[in-house]
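Dropping the structures in below, format is structure tokens.
Note that chain A is present in both complexes that follow, paired respectively with chain B and with chain C.
For the complex of A and B:
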């Protein structure tokens, strides 16, 4: 039987688009993390720019708002010397009724070389990747509930930076797992990189039991979930979930699943605390923890730029 | 066709002798990854210089990125001293087209403005495609373009040459 090739890889198994961590081999993930390490040092130079994407145009297509992710992609592309075009797409062509593929066709006619796409619909970046010319590359910057691969990769970079090896790690992901594309990307990456145990921690409405199928241990109590953990990834509680009757209140959530210093003491003493941002202080994480000695939330942002530089330079150098 | 034999250890001894008079009081060695970095490491020791030499990579400034993509990822530049105003002695194992030298010159200038840059190589194999010439080379050889010449280093730190292709 012929197997359908992963659309992110070319015939040589090289990365040409980054759409999801799911299905990517360990070697590709490791290559991205290693390359990011090289780019991290570019920030320390007098000239914080390298010419790898000189003459290339990167279009940031954010159909859904995100200041932080869009800005870090923009900085990453600029440090690679690309020309960056930010489109406020939600307020322009889409509002006038243009279809997604028509938008892409028009921007391709403007000689785009790379699209960085965030979209509320799962799978939108796949659709774009299937319709662009062979020399054009697509990076998924978050699609629906499906995937946020660069966030997953920057989380892996952060974990590797502080813990070196994944083999003996227990990683607890705490919060709204079911709606979180970050959680899905993290789980796929941690599984591929060989983390010893991945725990999904949260109330039953946000952490359904069938997550076990993804190879994680499901915990409905924070105490059980973070006991002896090496890494705790807290997720943003999305306010829109409150109205969906999935949670009684933010205060109630904080009482049961908010990460406080007392609770954090259950994890290993050298455990690191991560968060993809933006954080809701006093909802999923207490200020004392967010600003505490075990927090690596701000280094995550810094590493995110290097990881996005790595992804863009790797895919730009590989032909379809 | 006769097999070319290059005695890398003898050539290194020659390079060491030729590099010594080039050393200014404030000179700093920078080796081009990977063979040049090995040479710089040993020269640093044999010349009695304090500290560690710099290592420089061409990866981020290569002119064949469009056709070959990103090269190796483990060869990050590490310059443990300020570049501004220093006399840099750039070391490489094999000088061929000059394109790697061009790339690392760009890389070097991303860190500052050196007072001067002098190039010393173990072997100059001709075939230049850019106006770059070394101040010192321990040997000049002519090889067909199909052959690749690489410096190797064994566990004991001894140098040798590997020739690939015919």
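For the complex of A and C:
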């Protein structure tokens, strides 16, 4: 089979869509993080706007419900002076039987410049990116279990902010990794940026052995997984996974894999604790840790806006 | 009509014949192979100089989409595709709408196919009513109507008791049951379990979905004595179990699809919906084992697994895309490509799509069993004449099938397929002639 060019990059290797962190060169990731740094100050200004996307229309296409991620994309686009249109597709077109690409074609006819897409199926943003006009950009805001690249990038921004360099870091990702697009994006970003060790931690039903192929160390005990870690990323356990064949109960999960102060003491004393939100207190993380001095969960949200501004401004400046 | 095929390289895998010869055909039968008698007065002479004259291909797995799924394929289009691919006999699956569980439907299909006279059609009847996996069909009636075996296609029989009884009942009459080994509880994913599915976030089908089903089937075969044909093996472990079952003497045969023989899950690339297939593409060691198994005869036949899919059903996110690929017109080329790549040569590669599948069908073919898939004097004149040195690009325009989606599409693969069919003869009648 002919190997195809990564559809996120143009012939010059510049980012035109953000679909996944996988396959992006380190330089591109670093460029996004550096650019995000310059936008952080915009958020502190009295007039929180720069004109980089003035006159551009950004469509938030959420085929799957999300308030938090959609809101942060909306804020980011508005701070870049774009016009933002939010479409809750889950309740409109597709409910009437319109196909994904027909929806995209119709919105393209309204002269969209950028689509921010969340979809329940892995790979959906690739399909969209392959069928939009050359000047239209696509940002993946989460597709199935596959990728959530802006979350991965904001996690990297957070880690770099607190730890400066990735080279000597041990990062533990704890929880439902098999179903997590955040975990996949974090893993690709960390291995690309050169983290010393990335660990995937959880019971065998949620942490498959195949993950080793992504360059992580697989740990099936929390103690082993977070020992001497510099960064702990806890993942949200979805309600529907808490009782069934994957896990018997939220209580048993918390007892074995929930992050408590006692367990956290196994990590390095200056370890930071992250979570993509929204958190389930008492399921994957104890309140004392979520609100504790090592938690950087709220700064993550702040950095998220700057990172999304960086992504949108960079891809809007590159042509297919 | 009398046809004389002159100067071709006649290759008959069953007898090992591979020589320059003329083939004389009269009244639908081959009347002579060798130097043509000067008083053979042909109505049509085909100059096969530089071409291979082979038996017509026999495909053990093709969906024609009639009745009920005409938006994806019709007998006219799909049997024309068969003829264009050199396929002169094909087995069609019962997962139509309605399913092939009534003798009247089977008779209607056979009648319509005969009228088109492009390709011989041998339907598999539904093993259970509506493929529901609960109530057995009238197998004797369906056989009388023309079914050559009974299958669930990709529908599960969840209740092992029902499967056991279906095999017992089929064994009573000596019917073959065609099963794709797939545990329905484990087998619901959209890609093979492994590093690629994990990386892409696609739900996986573990190898154990196949091996657990095989263990169940083999035990039920031991108990019932039923003859079972295993459809579209996908894993190295499956090939190993099959090899052991054959060594034990169980009455089982098996096939593999052109897709599993040539591709792996890595070919999914960036969620290419053309790679959404059932069974899912597995890893390289699985593909290697399937190729080795076909080469050493553990796997009996190569099949197209022809499944025309409407274009709209493929322009969807990977998991939502309808599984399947067009295949009838690719079978010959992909058989030869395998033969060439595996170093086993043209004759052995042709056997996997001619004489070997006929052996799988056995007595179910009736009087045809003696000569279908072969070139023998006195036998039926089902012939495929192809140019072994021509290459062609698989494009939508080049395909007769209504289904255009294939993993081997030139615009995605950049690879051309070897061998172009020039003429296809069914019962001595020219069913296809390349422009």
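Here is the rule we use: the second predicted complex is superposed on the first by the 315 of 320 C-alpha atoms of A that agree within 3 Å, B and C clash if a C-alpha of one lies under 4 Å from a C-alpha of the other, contacts with A are read in each partner's own complex, and residues count from 1 in each chain.
The working rule: a contact is a pair of C-beta atoms (placed from the backbone, for glycine too) under 8 Å apart; a residue touches a chain by one contact, two chains touch by 3 or more.
Remember, it's a predicted structure, so these values are computed and weren't measured experimentally.
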Is A:210 touching anything from chain B or chain C once the two structures are fitted on A? First, second, both or neither.
second
Would you sort A:37 into first (chain B), second (chain C), both or neither based on which partner it touches?
first
Going by the touch definition up top, name the partner, chain B or chain C, that contacts more of chain A.
C
After lining up the shared chain so the two structures overlap, which partner does A:101 touch, if you call chain B first and chain C second: first, second, both or neither?
second
Tell me which partner A:50 touches in the superposition: chain B (first), chain C (second), both or neither.
first
For A:277, select first, second, both or neither according to whether it touches chain B, chain C, the two together, or no partner.
neither
If we count contacts the way the header does, which residues on chain A are in touch with chain B in the complex?
14, 31, 34-35, 37-38, 41-42, 45-47, 49-52, 313-314, 316-318
Spell out the part of chain A that touches chain C in their complex, as residue ranges.
1-2, 4, 6-7, 22, 99-101, 119, 121-124, 126-127, 131, 143-147, 178, 181, 184, 208, 210-211, 213-214
Which of the residues in chain C end up touching chain A in this complex?
193-195, 197-202, 263, 267, 269-271, 273, 312, 315-320, 412-415
Using the touch definition up top, name the residues of chain B that touch chain A in the complex.
57, 59-61, 65-66, 68-70, 73-78, 106, 109-112
